[in-house]
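Below you'll find the structure I mean.
Think of it as A, B, C, D and E in the order they're written, each chain with its own count starting at 1.
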């Protein structure tokens, strides 16, 4: 029972980090219709900067620097690259991000190699005991901080003028422009947010009990996708729910690998995708995603 | 979105146009003939390194054609293409492979290679059909990520279905053979003083398959199904009101594209001479996507140009990157040649998309139009 | 083939709580041009969408001759020979006008993937392309066949939709505000085309339109909807005099300005 | 094509013998690739300085494959006609993809892998104890050290693929023989957070963890074990350590709980040969220690092994001759770098001996010796199933 | 207030669709812009509001001055911020947002909350239908309702100059009249209006002056009353010419023919 609870809390924490990764991806996609294939590189670059700067600046300043760099990278991507492509040509933009990803990955691979860089977060190495539960402090922080972060973001999107501007330009760019909304500013904000959220998630992922920043974090970012889809792309609550489901499923499958041997070895990730496909068959826009409607 | 979409507006009456058709088309026809002659003569002049790249490019081009039908025309984003390519590869290896290969661990049906190749393609279509309930219900990015699941599922199966796949170690591939002629190094055929090994022989096989795949794709895209795909992409309701059976048509596009991927898989198997699971990962799927957009979305020639770009460029760049300034040879300290090659490749992708958002194909068209400013 | 009779029998359509159509009944006689009018949001487009199987019918029946089309899939309805246009234009903006029209031939052609792949649908395609050119000529789009649809001005798009509906070789033609956005002369021209098509091809026509000039001049009969209910019906002359229609829809007669609403002669 | 025209002895001229290397210099395993490359070059320089082999200098033809199968295959095609053999083909996916070509070219290929499934093919050269044997030796050592007792559960976290599955064969054998229970957890090379696996180990009541993973994952396991309050020894196989782990948050846990089994020696060993090697490295890289001392040693050792093999066929410098010469090497060792290697039977491991190491920040390359090369009784008894 | 001189607009590399159009809107009153399909009315509007770039077009020559400042090629949002607001062809309402949110988005440039509430009341009064549907998603509104919303949204930003591109499109006759009234009222309240309409009768009845555009050129201009008596306008836009009538194809043009399809 205790063990199950431990598994669950760990799963939830992982899922929330997934949700955060996905959220950055989704915000960019929603606001600009661009599939950001470089999202994982954004994440890695952000935490890489944190890890490199941390011995010099201390964790807090390094984290801010990492966030700033990833945010700026998002901004630069939008301003210097995407803004130069016809705004309807989302495919070209997506492929642009592939090119960008190749360059970023090459550079990060060159710098990181097989190293693991410690993140030096103050919560690293700490464990808390809640009753008979033993949990890394990171997990506890994640479980508290991420929902707050996501809640804040949701409030921002639904309650503020900025959020309205964002949703309006997502719905109809020309209409938004004619309502006085600066489209470029909206998409730039989205890209900045994408970078920030990726880095925030990266800090969580690289924290104890993970050993630190390493190349394999890029593929972790990809594991976040089923979460996005299960929850429904355009719903923040959905992102959380999807992250939870995937995190929990992965943790549970890994925890019962022996009894699930018939699925083959290492079925954890695959099961997440299977869950995703089943959910999609049942609800094509995910659990909480809004149905695409079209009227004629 | 046929290749003529960009042709200048024509206000000539139909009959008049028919008369002018031949002379206007003449340069194009000449170009095609020249390309075919060059392609046929190539194995006599260039070495295996380049031919091998050509094989990979052609295998990918066939897969890219499939994706261009699915994504370019029907608007259905698939990131699961690598999975279907894998099915083709392993399908061929299994169907043509002898039973008890690899120390009795592997099963195989030992079918004649041609039969195995065709069946593997059909098998991939079947897999596409199995996934089509999902494919026909989803759109856009949702389908993209759902199909991404196939890649992971596929990789899992490749590692676990040992008797068929050989696990992480993969399995070897029976060389292609046609009427007793084996496409391998052992053939001993010598043409004009050049020994024809597997690569040279396969070159012609691949060329034939690619040309057929391209013509078929072109017909489909220009014909009735292609038009239905495209209206469906732009408005499902609109398409339904024109009598298009939307779900079925989506499924059809998916199955067709899977079969292309399957054929590409067979070619991949033959080019590698071995099937290994790690090749069929997400990168491969993303590469396919890059191919069709870089080449020019929705057009067959674009798919081929894009495939060549994406496949050949990194290999060639990393082979010759040491001529770049600031780059060191393998094993020395400094900016590794292959890393530099990756930078250049990534940057080129960016540059192409910035300057030719319509794809490389559009670039060719611009060049052609510039050469021929006064088209009638 | 004779034009079909359309029977709409107590049809209801509801959207989460909102009753867009409330037991609507009327009959369209074979070969007539039947107008459906009514204030904005009265349910006219919903009615057309229900006829084509795009909106789910929650009650009642729709009969096309002896065929029951209630709750049929849109493509099944199209297969019965129902061609339509949309209020909010639906075309493939990146395709040529010709290709957009050729899609209309979908139901009449058979070449599937396999036949198309191997050059087997060519003859068929050429025949149909010739017909499409005829239809384009008829609506006046000949000169624009090679242009991509996205570049057309609004009025041309309207014509494109009309032509595409004709390309289905429909028996029942459904038009949702076919002349909206056209000027008076163009509207009249299109109205004439509708009548000409009806006469030449033997169609039954159902259309929704706010341009009373066109409605009054080409409709044989009119059904008036308001709040999802039929509030009046009859010949143009009857409907025009109907006080309910005047107050709910036409507005008080205000002779000095609204030329467009007057029937030309 | 004009490539394979000159028959006879590819890669051999009157003054040189060319050997190929297909390694990762730009991909995820670039560090390993560069390490092997440098260490091999050290050995080649030594050999050439001493007059070369068979009166010819050795020349390396290095190609980077970036851990990309397609690049590797084209690079192989390019290099194969110019070389006598391949000193090193790095990466199991790459090796798998090339196996058929290797046999049809009849070329000898050195590997940086220890899978027993690679045995049996005379074209492939696996240096030292295979994964299964190393697993057996390490379980044996843990029992001898009293870390595990009869009836205890050994947790085995193993990588999907070549390394893990073969290692699992060994641990299965050893636990059966020693009356232990085994609880397995498979992981992927890309898994970064191993909390759930470690928790599963804890739930299974594991008294020790046998680990096959990447070095990063070692740190992840150590931290996760600490987080979960699972205070048990962790025994890793060859690839589970890199020097920089000792600067991560996991360092204390590693120093406390971690040991490693290895089929080759340590860069910190106290023999003249090893010292000379380490000095070369220091001279070249200064304070920067190699990420993996084992990789340095292995590459250096293998290169000298190759010289030995080649010198056995000076009269017949062909690929066939090379394959035959391989079997003539029955006892090769460099003091401190590796156990005595016996290459006579391609179907048997070249050695069954392992060392046990443990981390120590104060030692060069971060690892010091706990137990010298030893073949456990279990390992002697164990029948290797060649691929 | 708005002075356009020698305006040329083209889409991509194609022939320009406007060739040197000049037009002026004074401080008060309604200016009607008439023209056949494809004449370039919408393109002109887009050029003024800056949205032409969103359609892949650009201003290649000429100047557009609003309140004395050059705005040709400016960012649409900047143009709106200056008080020039356009109701676009094709409505462009925010489909997934509710009616109310659409209106809020329209008022996003208005700082004062009070002013926003006040204008909202006004537009709801003008279009009670929208008040009824305030929580409905705009995308599910009927065509006419969406048109009302598009107009209402533009009014929410308290424009100094209003551009209306076919505001009566898809509206029922009674509402068309009402829109006419509204336009007149807006102008009376001091906001000049540039009105593009196919319903020329309505347009000319509310406009003070009018321009007639043909193939990208102004071919006729003058006070609205004068224009409505010109032959061309009467024939093409007011439908008053006997010759063009359906029952009398005596204009020499053969009515188009279409034969039945024989499969």
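Simple rule for what comes next: a residue touches a chain if its C-beta (ideal position, glycine included) is under 8 Å from a C-beta of that chain, and two chains touch if they have at least 3 such contacts.
Here the structure is a predicted model, which means the values were calculated and not measured.
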What is the shortest path, in steps, from subunit B to subunit D when you may only step between chains that touch? 1
Those chains that touch subunit E and also touch subunit D are A
Between subunit B and subunit E, what is the separation of their C-alpha centroids in Å? 49
CA centroid of subunit A to CA centroid of subunit E, Å: 44
List the centre-to-centre spacing of subunit C and subunit E in whole Å, with centres computed as mean CA coordinates. 26
Find the geometric centre of each of subunit A and subunit D from their Cα atoms only, then give the gap between the two centres in Å, rounded to an integer. 36
Subunit B: positions in contact with at least two other chains: 159, 235, 237-238, 241, 336, 339, 342
Which subunit A residues reach two or more other chains? 86, 106, 109-110, 265-266, 269, 294-296
Shared interface positions of subunit E, touching two or more other chains: 140
Residues on subunit B engaged by subunit C in the complex (per definition of touch): 1, 5, 7, 9-11, 14, 216, 219-220, 223-228, 230-231, 233-235, 237-246, 252, 256
Could you pull out which subunit C residues touch subunit B in their complex? 52-54, 73-75, 78-79, 84, 86, 90-96, 99-100, 102-107, 109, 111-113, 116-119, 121, 125, 133, 143, 146-148, 164, 168
The subunit A residues in contact with subunit E across the complex are 86-87, 161, 164-165, 167-168, 171-184, 290, 293-295
The residues of subunit B that touch subunit D in their complex are 43, 46-49, 51-53, 56, 102-103, 159, 167-170, 172-173, 185, 194-195, 197, 199-200, 271-274, 276-279, 311, 314-315, 318-319, 329-331, 336-339, 341-342
Give the list of subunit E residues in touch with subunit C in this complex. 11, 14, 34, 36-39, 42, 89-90, 129, 140-145, 147-148, 166, 169-178, 180, 198-202, 205, 235-240, 244-246, 255-261, 263
